[in-house]
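Per-chain residue numbering starts at 1, and chain names A, B, C and D are given in the order in which the chains are listed.
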Amino acid sequence: MSFGSFALTAVLLIPVSAAVVLALIANYNISARINVLAAMATFLSAALLFVDRPPTTSYLIVDDMNTVFIVLNTFVGFTTSVFSASYIDHELESGKLTPTYLRFYHAMYQVLLFGMNLALVSNNIGLMWVAIELATLSTVLMVGIYRTPQALEAAWKYFILGSVGIALALYGTILIYLAAQGAIGEGLDAMAWSVLVKRAASFDPALLNLAFVFLLLGYGTKVGLAPLHAWLPDAHAEGPTPISAVLSGLLLNVALFALLRFKMVMAANAKALAPGPLMVTMGLVSLIFAAFMLYRRRDIKRMFAYSSIEHMGIITFAFGMGGPIANFAGLLHMTMHSLTKSGIFFAVGHVAQVKGTQQMAGIRGLTVTHPVLGWTLVIGVLAISGVPPFGIFMSEFLVVTSTFSRQPWLALPLIIGILLAFGALILRMQGLVFGEPTGSNAPDRASLVPLFAHFGLVLAAGIFIPPLFVAWFQTVAAMLG
Amino acid sequence: MIVLVALASVAGLFVTALLAVLVGRDRPAITYLACISFCLVLLAIAGATLIAPTSAAETLTLPLGIPWIGMHFAIDSLSAIFLLVVNLTAAITSVFAIGYSRHEHANARVLPFYPVFLAGMNLVVLAADAFGFLLAWEFMSLTSWALVLAQHREAENMRAAYIYFVMASLGTLTLLLTFGLLAGVDGSYTFEGMRAHHLSAMSAGLVLVLALAGTGSKAGLVPLHVWLPLAHPAAPSHVSALMSGVMTKVAVYGFIRIVFDLLGIHAWWWGIPVMVVGGATAFLGILSAVFQTDTKRLLAYSTVENIGIIFISLGLAMSFAGEDHPLYAGVALTAALLHVFNHAMFKSLLFCGAGSLLVATGTRSMEKLGGLIHRMPVTAFTALIGSAAISALPPLNGFASEWLLFQTILLSPSFSAWSLKLLAPSIGALLALTAAIAAACFVRYFGTIFLGRPRSAEAEQAHEVDRYSLVAMGMFAALCVISGVVPGLAADFVRPVVDLLLPNGAMAPQAAVPWLSFVPVAPDRSSYNGILLLIFVLSSASLMAVLVRKVASHRLRRSAAWDCGFPDPRPETQYTASSFAQPLRRVFGPLLFGAKEHVVIPSPGDLNPATFAVTIHDRIWDVIYQPISGLVNNIADKLNRFQFLTVRRYLSLVFGTLVLLLLILAIVSRS
Amino acid sequence: MNASYQPLIPSLEAVAAQFAQMFLVLALAPLFVGFTRKVRARLLGRRGPPVVQPYRDLYRLVQKEVVLATNASWLFRSVPYLVFATTWVALSLIPTFASGLLFTWSADLIAIVGLLATGRFFLALAGLDVGTSFGGIGSSREVMIASLAEPAFITVVFTVSLVARSTDLSAISTFMHTSVVGLRVSLAMALVSLMMIAVAENGRIPIDNPATHLELTMVHEAMVLEYSGRHLAMIELAGALKLVVYVSLIGSIFVPWGIAGRGAGISDYALGALIYLAKLVGAGGMLALFESLIAKMRVFRVPEFLGAALMLGLLATLLLFVSQSF
Amino acid sequence: MPSLFFDFAHLLAGSLVLLSFMLLYQSRMIGVINIFTAHAVVLATSIAWQAYIQNAPHLYFTAAMALVFKAIVIPIALVRIVERLHIHRTIDTAVGIGATMLLGMLLVALSIVVMLPVTAASDPLAREDMAFALSVVLLGLLMMVSRRNAVSQVIGFMSLENGLILAATGAKGMPLVVEISVAFSVLIAFIVIGIVIFRIRERFDSVDVPDLDRARGDQP
């Protein structure tokens, strides 16, 4: 068994076994540590996939594209587990969680990681679908874990909308198979993405179009594109903060990844509908809708959830535009958004803990009471609202300029949306970190290391991206066409 | 090599900021000294580049920024002249800051950002590719935003900072679009690439408009100026000086770089929008300034005015260049650049003065000041020079540049286009009006603050400020005088820039002219000699003084003011700032600001006091910004319902979308 | 025309001529004021003071001691000399009896406007220095008037120098009577506008009344209310000079005949001087007549008056383009 | 393959559509549950039939599971819930029955229209089945959005899912059908359990979705 396939198996097996183990351990301190260790091991073995790739089977595949996602995924999964270790015990003290639930939480965390990794490495579109459903269900359970009315309601909403999404995605998958089976013949090959992309030219365009509509809606619900987004804000706001971080940082990406896989299939067939315009439209709608929604938010986590919708809109827009520059920008934006947004949720988690509330009205003058935390939050918000020298500025620079030189009229709503979102975020951020301080100024015990790691990376990427990554991103951008 | 040194000293500024965060919070002087030294290095570089202009601009590429392009830096004479302005002002302002920071409470919130702010402005001027330029540009906004928030506990500062930041980001996005067009589809983001890349007339015009809006939002062009009078006063005074004196100039640099260098002047009519906007900006700016009672806000509005003047000259230069009169365009451009320098000098001087007032009396309200010429003689004297200079009085520098601008306007007969023939003199008349009102405005400014009798206890107990501040203001004042009396030499300094931007457009070297006289076009056309005028006025004045005192009496008796026999000792009886503005308000107010005077004279026997109130509306805010924010809030409210739907309704949304897409699909596949 | 600025080492007679001009105007200014007063008195049927009365007043004033308000600053004391100096310099650079004098090129028409503005700037400050209500009224109204009069003046400058293709006064006046300018609408308008400005700037009727005190509509007098002794003398003298400045400007631009050209002989200079005197006499007479015919207007009518002047000036400039490009 | 096979498959698929309409039409809770049971039975039959004509034995398992799970376990559970919640009388609909029916018609028409351009190259059986399946899916969705009561929404969802299974089994030789159907059954189990949980927790006195919505955060 080759080195690469060893790494691959590790990426899949470690989370599963960790989940089993964690489900058995009662002591939450130990389980938190195991959680961190498992996540780290997964990350390391994922990094090994750089070195060597396993051969593509009809079920699993590792190529440039999903390596980007896997590495990012496992890395954020790892940092989040670190954060969660320093965060979750406070929840226990404050009585929001019982040890039983905490055990369940850790197990589910690993299940979630497994689901996402499986979705990313699966070559079989049916398997991918199952994996994404698994990931969704585990997050549903975590969102509801606090068992407050709000939490349960959010979980319920997430669950219903998510299931409908899943159903639509499945129908799309079946249609794809049908289209493929006409050309390739029955059997596994007709569901293997690697084969589909190669043979897509000979598929029945009408079936492909229909399939893409369903897949766009199905996986788009997971991505959180408006108007399919409804589950997202509440799920972020009511679940435990680490889960919010993982949701925004990872699960949305995984869904987007699925969408991209199918976009490539569509693009490979000349007669089929061009997927670009659809994605561009939905991206713009999400961007502008979310931008306006930001202005009325009172709950800090819900606000950043909406900002995730906004950024997913930008990313979808970029991939919809296509072309080397826009795709590169899309990938970069996705990576930067994952890092920044999860970092922001870390910070928000600390803030909510020290101030004892998620309502922004109750949080003022952070830079006075908690200078480090406050300024870190400032950095995070600036980074997410596309201010240099942070990575998102570079991607927005590329998206806007390339769009304007190609389709000027599309750039207009784009910058309007960006500006609106900027205005809202800065307005709230000023209110949070400046002005006469309110609320407690109890010291913040949690570790800020994950934050610094994330924002450090974002800052670095805004100024200098290592050539290795550049080349890598560019090949992927080329793949995406 | 030279670029490398420049970048090194910029990096030095960054390090300074870092150290300021880590160690030097309680020792501001060290930080400012570091800033001064780095600024001096950059100043030397700028000077060297201007004195010995190299034919080809040296470019340096770092593997930063957009990976496949890298970050380019270059110093040509254009960047050099602005480097000069930036760093000269910054250095002197930092000297002022050493003194000022002793009274600054929020040093911890100023020191980390100040050096980065300087670095940002320098980088904008050094950058030679779109990404680097915008990076530095946003850096400038970001740090100045943070500096505006130094006193973050006052609500209006928060509001000012917010409006400022949003407007700044609007500008940046507009510039993004500009560069997007300039770079073209293949995305050649370097300045070389953009120069090489040719645009259609349509998109070139679009670039012009976008560049005007993008840079104008930072420079403070009407109607994008609303943030400026809010943000500049909110910052610590030395920062206000830099924001007003320098940052707006960096925006001007952006405009010149994009339009004159990257884009190139395509058509004669391009000057028209620039001129018109500039004229409106100058006029509205100074009129709003006349009515202010807050010292720093008044100065900020007058910055708006001067930016307008600069853009008027740029517009003239564009029109002349578009009609292929390079020489005249050169004169106009020279006027613009001279005014850039001059305004940087006297505006920074005046802001430092306002800062000293703040330190000495703790107030920014002119109504509380008065009679400070006795208690703060040096500040008063420098402020007097600054006010005279900004009022365009000979022989100071403000007059020199405006004189040159008038000369340019008098060249307008050589326009062939009708619209220009008629526009230029009208703009000239507007400019004259502006200059005159500026004089009135600064009579009011100086007279209310430094003359008369103190209007509050703070003004009563004011003391002269520390030595550093005085030295800084002295330097600025000296520069105002020098660049005023020998405008010819100053013009020679900007010659290389004109050479670079307008081939064979530079005016004859002025050093050759005898008597240090200033002859822009031709001797029989017009000439001006500041130094002689200065000598004449001073000599004849002192001569007369001596004469009178010698031959006639020099007796002098102090007594109470006569005041037509009705002397009233109470300082309330003297003219206040607002009462001084009343005649002008009567003339211009109703038309432009909807100024209304509400007088209530109680009927006889009624014991209530008579009241007098004046209301002034900022029409631009009411007409443009109020509706926009209203619209945004309105839509936000409407959309916010989507947060509170039932699950079933959300499902219906999904369902509806699905059906919609299927319908579209059905239609598409039919056709 | 050859270069209008002089070689580094000027000739002796050039210096002489320049100084002659300076002191001639200095000597003539009070006389001119006295003359206008006399004429006006006669027109009003009074005998009026003798023509040399202004000299006597000045002499008396410089002899008197200065009574200075307790809180008057150094600015207050130096302003009179500054105002005098700026006005005097401005006047000595205007071609009166001869053009192209030694230093005329050191300040062109715009610079002269600037010099006068400088004087006004400091005078207005002086009005505020003591901090009395009258001073405030005076200077606030003065700057209001100036803020309209100055642009009007500039537009006149535009018209003239667009015709003459130069802002250099000597060049203008030479151009005006050498080349065939002809009778132009725009020039006529400019002249009218300039006269209105002159009336306003010198605080003559109908804008202001130099002979008033304690009248709420007064402008200039209120501003200098606190001055006494030699300071007042300086201000009076500056006022007289300013009046002559405008007269000479009008003379050198619109009535340029008889001004001796560059490097002319003594005889030409003498002739020029005589003609200049004649011009002054004529101007004084007209001014007196004008003032005795009309009544003073309310202060807040002044903006309309000056606005009219400004519009006239601008119209003149624009008309110029129309007429030129046909 | 004899055309009888097709016709029977069509018959079953068509009757599924018909049953979906009846679901929309039915206004009593118990009645809805009964019709859903029928729905499940027909589905099971059609899966079995497919298993037979495609001779794909693993589909028999799917059929059996559909039968046991959907036609027996779930209905019983639902009936018990309904009785415990005393909501077996008429259920409030968001859209009137008539309008719903009309919409349903349009949806069926739409699903046929979008399926028409599909080239007959892919075998007609699958193509027709797809059209029916699509209508069942859309009708299920319609039921979810036109009913206010959670139980009937769940039933709507399950009928939707039946449509999916129909499609999956209709697509000849599609792998993983069993796994997918299992996964879906898990999903449905979750939903039902969810309702039960909500019932157990006293916070919600009914599972009508609007009541859940009262608990939403970020209220103004």
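The working rule: a residue touches a chain if its C-beta (ideal position, glycine included) is under 8 Å from a C-beta of that chain, and two chains touch if they have at least 3 such contacts.
Note that the coordinates shown come from a computational prediction; the quantities given were computed from them, not determined experimentally.
K.L.:
Grab the C-alpha centre of each chain and report whichever is closest to the global C-alpha centre.
P.N.:
If one averages C-alpha positions chain by chain, the most central is B.
K.L.:
Among the chains here, which has the CA centroid at the largest distance from chain C's centroid?
P.N.:
D
K.L.:
Pick the pair with more C-beta contacts: B-C or A-B?
P.N.:
B-C
K.L.:
Express in whole angstrom the distance between the two chain centres, defined as the mean CA positions of chain B and chain C.
P.N.:
Between these chains, centre-to-centre, one finds 35 Å.
K.L.:
Can you check how far apart chain A and chain B are, centre to centre, with Cα atoms defining each centre and the answer in Å?
P.N.:
44
K.L.:
Return the distance between the CA-based centres of chain C and chain D, expressed in whole Å.
P.N.:
99
K.L.:
Distance-wise, how many Å sit between the C-alpha centres of chain A and chain D, to the nearest whole number?
P.N.:
Roughly 31 Å, centre to centre.
K.L.:
Residues of chain D touching 2+ other chains?
P.N.:
In chain D, residues 114, 117, 141, 144, 153, 212-213, 216, 218, 220 touch at least two other chains, as defined above.
K.L.:
Which residues belonging to chain A are in contact with no fewer than two other chains?
P.N.:
156-157, 160, 164, 206, 210, 233, 296
K.L.:
Of all residues in chain C, which are in touch with two or more distinct other chains?
P.N.:
Chain C, residues with two or more chain partners: not present.
K.L.:
Spell out all pairs of chains that touch, sorted by label.
P.N.:
Those chain pairs which touch are A-B, A-D, B-C, B-D.
K.L.:
Per the contact definition, I'd like the list of chain D residues that touch chain A in the complex.
P.N.:
114-115, 117-119, 121-122, 126, 130, 133-134, 137, 141, 144, 153, 157, 160-161, 163-164, 167-168, 171-176, 179-180, 183-184, 186-187, 190-191, 194, 198, 201, 203-204, 212-218, 220
K.L.:
Quick one: in the complex, what on chain D touches chain B?
P.N.:
Going through chain D, the ones touching chain B are 94, 107, 110-111, 113-114, 117, 138, 141-142, 144-145, 147-148, 153, 209-210, 212-213, 216, 218-220.
K.L.:
Considering only the defined contacts, which chain B positions touch chain C in the complex?
P.N.:
370-371, 373-374, 384, 388, 391-394, 399, 403, 406-407, 409-410, 413, 418, 421-422, 425-426, 428-429, 432-433, 435-437, 439-440, 443-444, 446-448, 451-453, 513-515, 517, 519, 523-529, 532-533, 536-538, 540-542, 544-545, 548-549, 551-553, 555-564, 567-568, 571, 573-575, 579-584, 586-587
K.L.:
Please output the residues of chain B touching chain D within their complex, sorted ascending.
P.N.:
Chain B residues touching chain D: 640, 643-648, 651-652, 654-655, 658-659, 662-663, 665-666, 669.
K.L.:
Inside the complex, what are the residues of chain A that reach chain B?
P.N.:
For chain A paired with chain B, touching residues are 156-157, 160-161, 164-165, 168, 206, 209-210, 213-214, 216-217, 221, 227-228, 230-231, 233, 273, 278, 289, 292-293, 295-296, 325, 367, 382, 387-389, 393-394, 396-398, 400-406, 408, 411, 415, 418-420, 422-423, 426-427, 430-431, 434-436, 463-465, 467, 470, 474.
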